[in-house]
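Multiple structures follow.
Two complexes are shown next, each including subunit A; its partner changes from subunit B in the first to subunit C in the second.
Up next, the complex of A and B:
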């Protein structure tokens, strides 16, 4: 074996575990779900397995519950993404301005994100409990009426967003903080010498230089928001009146409660298309602004 | 690193893992071989501990058999069971609700256990015909009912006593009077802090009242009949409790938790909740049949059914049958966990009749109804959920909500029928 051949073989050997895992757990499932999406595949009836072409997609587009779930998902995304961006940016700016204790604050902010969603969900179930929850305990202590955090259609989704922000804002703010720390101090010093105040510094220097990171944050958070599942599933199970049942939960219920794997797979592909479309539009929009 | 050495290490690792995966059976000392049986169920509460005790006793009495139990919450359980069964990795024996049996039967995972029913084994006449019907498909019996768990009424004995009652209410007049008398504003903020009655699982509360008002799930042809006048009247009655402020508002979130905390005096729930109450030392409770709130008595019920996986080898099948017979014959032990045994002979024992709550709930057996035997039960029930929720939140009338529920439910039934037609 020549030296070059040995090098090539070594490369492949290093790659082999990943290639096997990636193929088994990503490529094959994608292929299977694509195949399922054009099949009628009911787990309870092997006889019913048959090719139906685009029928599952057509059915999904005519399914009121699919659109209701899509609406709930969009509502979550609309509430979540701007809140996340503003809060994470504010926290990052605050930490950046700190001279002491920044690492402690950063660690504290990052801590909730280390919890599994199930742990966070159970914790917030207690916070939101109408009778003996923490928030209503505080409200009662302040002489205010207790609120139906999770059992009212108007409250439920904002409550889920609040929990999601607590859970995930730390990670995003740390990413923005890292980007802030990369901006050369000389730029700020020069602008300050020229008499620039805080807000012009922020709008003319900080934000434009943060744009690539903000673009990344918006796109990844959009993808995450469209895939929301754990938080509503644990806090409200999709209620009240399905107002917080997102598309992923509907897909889960269709595939694993109602055993309609084909239909569930088709809805997954529709969700993928929606996410891809949103991500692409955001990417183009933010990129154009940058140029 | 030398590529050949890397390759050798990789192969060695794979072989090593393979040996570990094989539980070292080839390396360890040989031991007497037991027939290993996997038993899955959703008994995650106190009932699980009772079942575990029964299994231990069976394993000790049958040294050649080893039953190992795996339990998880019912929602997760059904998903896992179906996926495992499709893949041929299902347990040898498992518990499912009679109401979910149609789907397992349709999937062909449940074996015919008709042979278990006989004078010397499980006498058919020892089971209520209606209950046996739930597990019968044509001439095949595909499961052995272990218990019956009807919905009933639980009440706080001390609260009832204060209102001048030393027993459970039995009719509408008594029930409404108690619900009204026991609603109290303790702290004077003009909002009730204690309630006479609260809804628990809305869907079950409604379905329990359906037969009392003459309602039904399906018509004679198996089509959805959720907007049946009886169902509308039952839901109107529940809605009226909300309008008259005799139940906490939907956002309140009381219910079973409120009952445990003595903030609610009466609730409807299943006999299986008794296990939870037994753990409380400071709640003096009563349990028994639902009061007659409609024209006739009625309630919702279901059964835990012992099912056997299709296609077991003889050795395992024999062990499983032995175990089923053991559980069924000893179901008085199971009753203690908060269940009503499916066997009439067990219910007739003085031991069972000395269990006041279980015995009280069992009195409803002659007029109980089970959920409909349909493949699309989850979707069907979701429609009931939504209808009840709309009415209790005051967003719709009972007639309108049930009409929509009926239309949607019928769509699911039609789809299921269409998909069951096998293409040539």
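Up next, the complex of A and C:
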């Protein structure tokens, strides 16, 4: 065996433990859910497990509630993803440039993300509450009119986004900071000696070196935004008038409150297609910037 | 950057961080308020300090074994973290450095699988775990967690961002792939591995759906789930709710602070970073 062949084989050897776990706990359940999506599988009526072909998918595409949920999800993603990325990148660059106190600031920014979503939801419900909430108390104190943070169709989604940013922007910026710290310092020193100013350095050297990690951040945040569930579920239960009920919440209610497993699985696959499409476009976009 | 600019930057970053921290501080303060004072937003700091909320929770011992839940959580989250960081760094090394043929395509499949809503896996996983007789044991929470693609994706992208030149030099010097992996690649990727470790630990600690569905006995619950189930019974008592939240999160914060020191130290030891 040549050295190169041996090296390639060793590659899969290193991958083996993950491949075994992935096959057992991801691929097999995916197979089961694909099977579910072409079945009528309602736990409420035992005899009705039957093959229905693409019926579940056709039903979903004609389901007004599904489209309403898709619209809410898209609205959340459009508000969330750009503000998340800009904020997280700025915070990471700011922390990276700090000559003291960086670890304290990182811990402070990261802390909100350590609360599980139920805790964060309970806390912000109190902030947003119309009558005895903190924000309206401040507004009244400043002589301004109280706002319907969660009870108005126009206000509710931006309020959910604000809470989500507080909860998760620290985590993303910590990931970007770790990437910045992994860039050998010599590269910056050499460029600075050559007289490069901060912003040209940022766009010509720092960001290109960060590209693989930024790709990771963009893709995982897109996935996270499209699968949003906990924050609206806890803050508004999807209201007012279902305006903040996303697709995952609708799937959850279909599968686990109404026990329509087949229909829930089919809608999950439709959501998967939408996310994959967005991720692919972003991937192409970031790759093109590379050439 | 000039000196004044640096000082301004540090002050500005601290101001922003304080805004992020304020809700957390408010929550901690409120958990020490007596019930009559809780919803009064006029004073963030309690006029009367009381431990009654905490004493109430610790008084549950019989029906809510707090210590046992804490132990369960530590055991599950530590196991998951060690396994995920180990398995993911091996896999990322195989894909990005040893260039396993088809490795990138495989990574594509892994990332695609992350796009499927996790709720979808719940029913198939339950059926499988019951076949393995793993339900109501820690195995049900530990083993499936190692299959998540997040860690492999993250470490692969971080390894790509590290120049290969140092590893190539080690290979020319006669190091085997195993030696390069342990002595060169892993130390170089220490910050990203520590970051993945922190995220994995937090994710596992806060996992709600898993313990809720896969664990039957109350004594086998993890801390956040156990506490949340007892929380629902007095949902309207706000001070008590916040006190339980603080207690469920405090161990996690301590672990993070310990990890954070680890991140800094591991960077210093590689001699490459600032």
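We adopt the following convention: the second predicted complex is superposed on the first by the 237 of 291 C-alpha atoms of A that agree within 3 Å, B and C clash if a C-alpha of one lies under 4 Å from a C-alpha of the other, contacts with A are read in each partner's own complex, and residues count from 1 in each chain.
Throughout what follows, a contact is a pair of C-beta atoms (placed from the backbone, for glycine too) under 8 Å apart; a residue touches a chain by one contact, two chains touch by 3 or more.
Because the structure is a prediction, the values reported are computed rather than measured.
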Would you check which partner chain A:13 touches, where first means subunit B only, second means subunit C only, and both and neither mean what they say?
both
A:218 in the overlay: touching subunit B, subunit C, both, or neither? Say first, second, both or neither.
neither
Is A:88 touching anything from subunit B or subunit C once the two structures are fitted on A? First, second, both or neither.
neither
Once the structures are superposed on A, label A:157 by its partner contacts, choosing first (subunit B), second (subunit C), both or neither.
neither
Should A:148 be classified as contacting the first partner (subunit B), the second (subunit C), both, or neither?
first
Is A:266 contacted by the first partner subunit B, the second partner subunit C, both or neither?
neither
Determine, for the superposed model, which of the two partners subunit B and subunit C contacts more residues of subunit A.
C
Applying the document's definition of touch, where does A:228 land relative to subunit B and subunit C: first, second, both, or neither?
neither
First (subunit B), second (subunit C), both or neither touched by A:179:
second
Which subunit A residues contact subunit B in one complex and subunit C in the other?
10, 13, 256
So in the complex, the part of subunit A that touches subunit B is made up of which residues?
1, 6, 9-10, 13, 16, 40, 42-48, 50, 129-131, 148, 150-152, 239-242, 253, 256-259
Touching residues on subunit B, where the partner in the complex is subunit A:
1, 3, 6-7, 10, 75, 78-79, 82-83, 86, 103-104, 106-108, 250-254, 257-258, 261, 263, 375-376, 378-379, 386, 389-390, 393, 395, 419-420, 422-423
Tell me, which parts of subunit C touch subunit A in their complex?
1, 6, 9-10, 12-14, 16-18, 20-21, 23-24, 26-27, 39, 41-42, 87-88, 90-91, 93-95, 98-101, 103, 106, 110-121, 123-125, 127-128, 143-144, 146-147, 149-150, 152-154, 157-158, 160-163, 177, 181, 188-189, 191-192, 194-195, 198-199, 202, 205-206, 208, 224, 228, 238, 241-242, 245, 248-249, 252-253, 256-257, 260, 263-264, 267, 272-274
Within the complex, subunit C is touched by subunit A residues 7-8, 10-15, 17-19, 21-22, 24-30, 32-33, 36, 91, 94-95, 97-101, 103-119, 122-124, 126-127, 132-134, 137, 166, 170-171, 174-175, 178-179, 181-185, 198, 209-213, 215-216, 219-220, 223, 226-227, 229, 247-248, 251-252, 255-256, 261, 264-265, 268-269, 271-272, 275-276, 279
